[in-house]
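Comments concern the structure below.
Chain nomenclature is as follows: A, B, C, D, E and F, assigned in order of appearance, with residue numbering initiated at 1 for each chain independently.
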Amino acid sequence: MDKLIEKAQILSEALPYIKKFYGTTMVIKYGGSAMIDAKLKETVIQDIVLMKYVGINPVVVHGGGNHISDLMKRLGKEVVFLDGLRVTDKETMDITEMVLTGAVNKEIVSLINLEGAKAVGISGKDGMLIQASKKVQSDNKDYGFVGQITKINPKIIEVLAQEGFIPVISPIGFSEDGHTYNINADIVAGEIAGALNASKLILLTDVRGVCRDMKDESTLISTLKISDLPSLKAEGIISDGMLPKMDSCIKAFETGVEKIHLIDGRIEHSILLELFTEGGIGTEILRG
Amino acid sequence: MDKLIEKAQILSEALPYIKKFYGTTMVIKYGGSAMIDAKLKETVIQDIVLMKYVGINPVVVHGGGNHISDLMKRLGKEVVFLDGLRVTDKETMDITEMVLTGAVNKEIVSLINLEGAKAVGISGKDGMLIQASKKVQSDNKDYGFVGQITKINPKIIEVLAQEGFIPVISPIGFSEDGHTYNINADIVAGEIAGALNASKLILLTDVRGVCRDMKDESTLISTLKISDLPSLKAEGIISDGMLPKMDSCIKAFETGVEKIHLIDGRIEHSILLELFTEGGIGTEILRG
Amino acid sequence: MDKLIEKAQILSEALPYIKKFYGTTMVIKYGGSAMIDAKLKETVIQDIVLMKYVGINPVVVHGGGNHISDLMKRLGKEVVFLDGLRVTDKETMDITEMVLTGAVNKEIVSLINLEGAKAVGISGKDGMLIQASKKVQSDNKDYGFVGQITKINPKIIEVLAQEGFIPVISPIGFSEDGHTYNINADIVAGEIAGALNASKLILLTDVRGVCRDMKDESTLISTLKISDLPSLKAEGIISDGMLPKMDSCIKAFETGVEKIHLIDGRIEHSILLELFTEGGIGTEILRG
Amino acid sequence: MDKLIEKAQILSEALPYIKKFYGTTMVIKYGGSAMIDAKLKETVIQDIVLMKYVGINPVVVHGGGNHISDLMKRLGKEVVFLDGLRVTDKETMDITEMVLTGAVNKEIVSLINLEGAKAVGISGKDGMLIQASKKVQSDNKDYGFVGQITKINPKIIEVLAQEGFIPVISPIGFSEDGHTYNINADIVAGEIAGALNASKLILLTDVRGVCRDMKDESTLISTLKISDLPSLKAEGIISDGMLPKMDSCIKAFETGVEKIHLIDGRIEHSILLELFTEGGIGTEILRG
Amino acid sequence: MDKLIEKAQILSEALPYIKKFYGTTMVIKYGGSAMIDAKLKETVIQDIVLMKYVGINPVVVHGGGNHISDLMKRLGKEVVFLDGLRVTDKETMDITEMVLTGAVNKEIVSLINLEGAKAVGISGKDGMLIQASKKVQSDNKDYGFVGQITKINPKIIEVLAQEGFIPVISPIGFSEDGHTYNINADIVAGEIAGALNASKLILLTDVRGVCRDMKDESTLISTLKISDLPSLKAEGIISDGMLPKMDSCIKAFETGVEKIHLIDGRIEHSILLELFTEGGIGTEILRG
Amino acid sequence: MDKLIEKAQILSEALPYIKKFYGTTMVIKYGGSAMIDAKLKETVIQDIVLMKYVGINPVVVHGGGNHISDLMKRLGKEVVFLDGLRVTDKETMDITEMVLTGAVNKEIVSLINLEGAKAVGISGKDGMLIQASKKVQSDNKDYGFVGQITKINPKIIEVLAQEGFIPVISPIGFSEDGHTYNINADIVAGEIAGALNASKLILLTDVRGVCRDMKDESTLISTLKISDLPSLKAEGIISDGMLPKMDSCIKAFETGVEKIHLIDGRIEHSILLELFTEGGIGTEILRG
């Protein structure tokens, strides 16, 4: 009985957080280890479903780079990266779209359904959600069908969320002249969070957060302001894969998001930890 | 961090229960020690507010016998009980109504508000919620303004609940010829649960549940069927104060409630324990 | 038949007034003799119910000082007034709340119900209607739990009115740190009228209106402008109990009310007389 | 002041009737003297507007035989009646439609608007309200475009009433093969009352009511049942112009109307007299 | 089969136009030959009904000068025109209203109903649609009840359109002092188009469009800007009956209409031709 | 101009069909040549978009067998058919889902968007649309993940259609124990048509319709009743690929569809031809 009362006590301690987030929208960028490890997958999905039931409106944007490379290899197609970007010819684009919207997306939908909520998986083509154009690269190199967002039409997400569904979104854009574009999932999550006036954007990563020394977790920066970014970049603290995440953050703040959390998807129930316990985990990024 | 992960795990274990109860209405009869002890009061109120936030629609019916007797004594008015029923002359009725609706009810409203939800306290007169008549006693004795319910008009509760308020109800009825009646709070809770098609009626008591030997908690009956009542009464297991509670149960089942829980209000977070942990506590009463 | 035709003619003459007020909200401060004399009570209640049926949205705020003093005396508690204000210690506050919300309020609700409309009685705690703080007195004296309004949350009134109920409000406020405050009912009526953008605030008093010489009804001032107040105060024409009423008026004008009527509650059907006959009665107070 | 208080008293006496009729639909057949005499016209219109403002939903069906005959004469067209029915050739039908929908209807609309409500005048063609066919005469004689109702499509009336307009209806029907029919206005009022589940059908006539001796008003029958009609017809008490009115009543009862009032349109405010004073006037006709 | 495929092809070619106009409101001024010739009448009505079915919201304003003169002559009333305007005494006004609202309007309603949509015919009195006053003539001559619009209350049109009805409007206005006014139908169409923020105003005329030489259709001006009007008037290209049409256009542009089409009602299906084929017909008039 | 008038005439001839189908739901099974040939694809998509714009609610269910086999071959996976059914092991199921929902579905969505409507592509997993179980084969052979429908949850389709989107559905089902099933698209179309109470189910095929001699189009059966099927099967007229189509028809009739059209997808605009021209094409199948 004492054990049970302690459990009830813990539930009860979540109340202030539940109140605080009630009725708000949160966009979760789901990727990395948390999309591969079976146990982590299970706890992420449970966290998302719990969010829905305690009155939060979760919107999931997923990545899936590994799955794309896997199929390309099986099809004997060479995977080419140039300066960290996947060179995407027409065939690569077709494979990317098929893997993301036809395999990764549907698996997430399936897992959410099995956990007891109702998900609907869409890509940026559905309801014309993500209008895009060929990404203009600063270096004038041609990476193929790598796109940048020109407009978000959030109506389809709003309709689904309002009717009780959890939207699961593949980061695929389309252009008015009929092309399909592969878009960085962090960027998509940031712009969608902005278009929905989300209260939070949660980025699941494979790191502990932003650390002064990425190899030493004890140097974790718990809170940083968007205005700190230039100096952090200059110092080399923010680099590589963290760069598009920070671009996503800047975009999200520009379009109305209040707070961003960069958390470690390798920890079980990392989303619940962030939302419903004191202090939170990872790096919290603020406007201003 | 391990402690935090364990907490997240416990939150996550509540998910199946949250899903099960989502969108349902539950009526809580609030009385006894849980209305006197400060710490217990706090946890009951927290439990009720948490219910609201995880998608349950809680409706509170309160008692308050002790408070009535207190004021009567201060006013030099004799408290008379006849066969376990308070003899209620006009002055006693006035005091009863004033104490229940003007003191007890407003304190509960206040506590819920302070805990972060929005309560509205009403009596059976408001919105003509509880129509009543003088209770016909089997013994033909006259107990004064002790009433029995003739009709529940649940619209005011539905309006408040739908707009996000938690209704808190004093067990006072009115008659079409202008009289005010004192009604047993267990009976009121049962009939309101029925009128609202509540999924559960939860009776907070000062006992562990129904026990074969009320002096020995180890003889707790975890589950009983309404059809077991006659033999339990015959054996003397159900008697005294438990009798109106059982009448309330019979009435509630007649009018559509699915399940009734008689739980021990002397345990902290007893409502959460019942709803969100395996096994539950107290005695569960079933139709059939 | 001629008598009947004359009656029909009189009904028909009310049409222009009914049209004028259709769909508007009016706040009635109900107090004084009209709350004590049985016949006057009956006609005030009839007038309020008639207002509801001809398309006006009446909101009632009641007083009840006499009832409070009565119970205090019965409880052997001394009634202390200091400079015309009731000194309100914790026990006095408890009695005040109990009498206003548990006795006076419920009696008005009952009378309205019996007259054929549906009332719901609430206090400033319900739905967090009246947020308050300790009143800062200009003289630095301590009058105890005498409050001033910090915020009106009118949603609960709007919900009730829209669903066809007549809201009846006790002038009790609460603070975020859990205290209960007694607030002048005229002031409450004025601020609620403002928060609801009421078309009229009607103050039922025990005088004929504002008179140049309060002892001579023939000196009644039929219409005065809010800008006339300073000189009327200076002349001593407005003094004593009329002062908080005038403060209520100033507040009501500041927050959006169009017109205020100070009428004689000692006349039967005084509200109908004011609203539905030419000329009206009492003193009409205008902005500007 | 005493005069004013008496007026307020009279208004107040209307309250029980207003409550009783609140939210119900009433169909008024408007014709006869009340459509010609200027003063009577004014009071009928005032009564209809007052009905709207006190929460009744009035629907007006008008006649206009005299106006038709007037224009026919001016156009040199012979007015032919055969057995009391207007023989209606194509030209007569055109004149009838033009006079009823283009002159009589619009005048009523105008008067209601000037009195402060908003009327919309339609004929049975608008919104396909009244589907009709050539009336089958028992005597096999051909009266031309005299129609009988085959179907009422009440949606247009419901839409107008719900949006706050008072519908004013000309008794013109149309057939699916494109013909226009003149239909007895009493019959139209009865069938529309039925289709709308009206609480009352009010027939304004030029007689005191149904009298045992139509020449002696003191023989007025205050209440009769529909089952009394055969014997009253057999006795010759109901004859001539009263016959279609009684057919209208039978039809109205068949389709759901509760009560019918045949009242004297020559009395000022006859509708208010009937609805809002004790006893009423004219003949009340009941089901059963 | 080839013939059928060609038909399907033609239907399919209408798609871009249907998409473009979907959900917009268009006001059609219906008059001239298209209201007299049986075959033209049929195709105009078919076009209007088709508009409704492909998602356009058509609103019809009709003329009817010839019909008025016909009845006046039959009634032996002299038809007087002064400077091109009908001199309208009280009797002429009565005839005008009766013919327009009681004959012309109802015929159009009937034809639309027979074609399978549901029309409701109203005049400017219904729902107080067109408030008007006596037209002030620049020459100070008195033309009688010729009116100018003071206010459009479009609610009745919006209600009808939203409920799926096609509104058909007679150009009759009323004043607050109870007078009825005859108003130029082109002007009414223009102001209603403005009040409804119509996407198009379509004027059916008996000419090919605006031609440099009205006697030579080959001089048709396909597109003109409202700013071209002064010079076109100065050149005498726009004169006589074309003048009120151009005033209507100016008014419509002032109040929010985007585009106006002046088309030849003597061509079958002229509305469909304008809307659903490339190039359109007649003269298109643009802002600016 | 004559050519244009003829076009307008043809548009106008579609009106009776548009009226007839207005507001109804139609399910289109899209497969075969019409999904491969570029020109046919274009006309099918145009037809579907036109349906939406003229007030029909089109729901698309697509096939895609060829695309699946293509990818399997590229991946070096053997394509095995047993008795005409694709043997579907886990890997084949993964490929099937990926191709149908990630490639075929998104291409259709893209084409509809480019044509000017808004499509949303989902599979049977989204919104838990298609619950399924392993198909019980009459021969007890194991074909792997070939499923049969156990329940349709049409809410997601209704939500999308109501908000103006065109739903495009991949024939993938899921079971409550987490498996994915490949289901015959004809069967899916039939059951969805039934669940939506569709007015029509349209099956696009690569044949002229049901022919007495499938090699001779002149033997086309224009209309057949569902009760004719047993004898047609017995005669061998219905066999092979036509069998599941007929099973789909039976199922659709059982669940409420009114009419089924089996049409030749190799003809341009075959849907428009069927819906909007007299006689229609292909074979019409009726209940009874």
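The rule is short, and it goes like this: contacts are C-beta pairs under 8 Å (C-beta built on N, C-alpha and C of every residue); 3 or more make two chains touch, one makes a residue touch a chain.
Nothing here was measured: the structure is a model prediction, and the numbers come from that model.
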Partner chains that chain C and chain E have in common: D
Chain labels contacting chain B and also chain D: C
Count of contact steps on the shortest path from chain A to chain D: 3
Chain whose Cα centroid lies at the greatest distance from that of chain B: E
Angle, in degrees to the nearest 5, of the Cα rotation that carries chain C onto chain D: 180
Greatest separation from chain F - chain, by CA centre: C
Copies chain B and chain C touch via same or different residues, half shared test: same
Matching chain pair for C-D (criterion: over half of the contact pairs shared, by residue number), options B-C, A-F or E-F: E-F
Intercentroid distance (Cα basis), chain F paired with chain D, Å: 56
Between chain F and chain C, distance of the C-alpha-averaged centres to the nearest whole Å: 69
Rounded Å distance, chain D centre to chain E centre (Cα mean): 35
Where chain A touches two or more other chains, by residue: none
Chain contact topology (line, ring, star, complete or other): ring
Chain C residues within the chain D interface of the complex: 1, 4-5, 7-16, 18-19, 22, 43, 46-47, 49-50, 53-55, 115-116, 267-269, 272-273, 276-277, 281
List of chain F residues in touch with chain A within their complex: 74-75, 94, 97-103, 105-106, 109-110, 113-114, 118-123, 125-128, 155-156, 159-160, 163, 165, 172, 174, 176, 178, 180
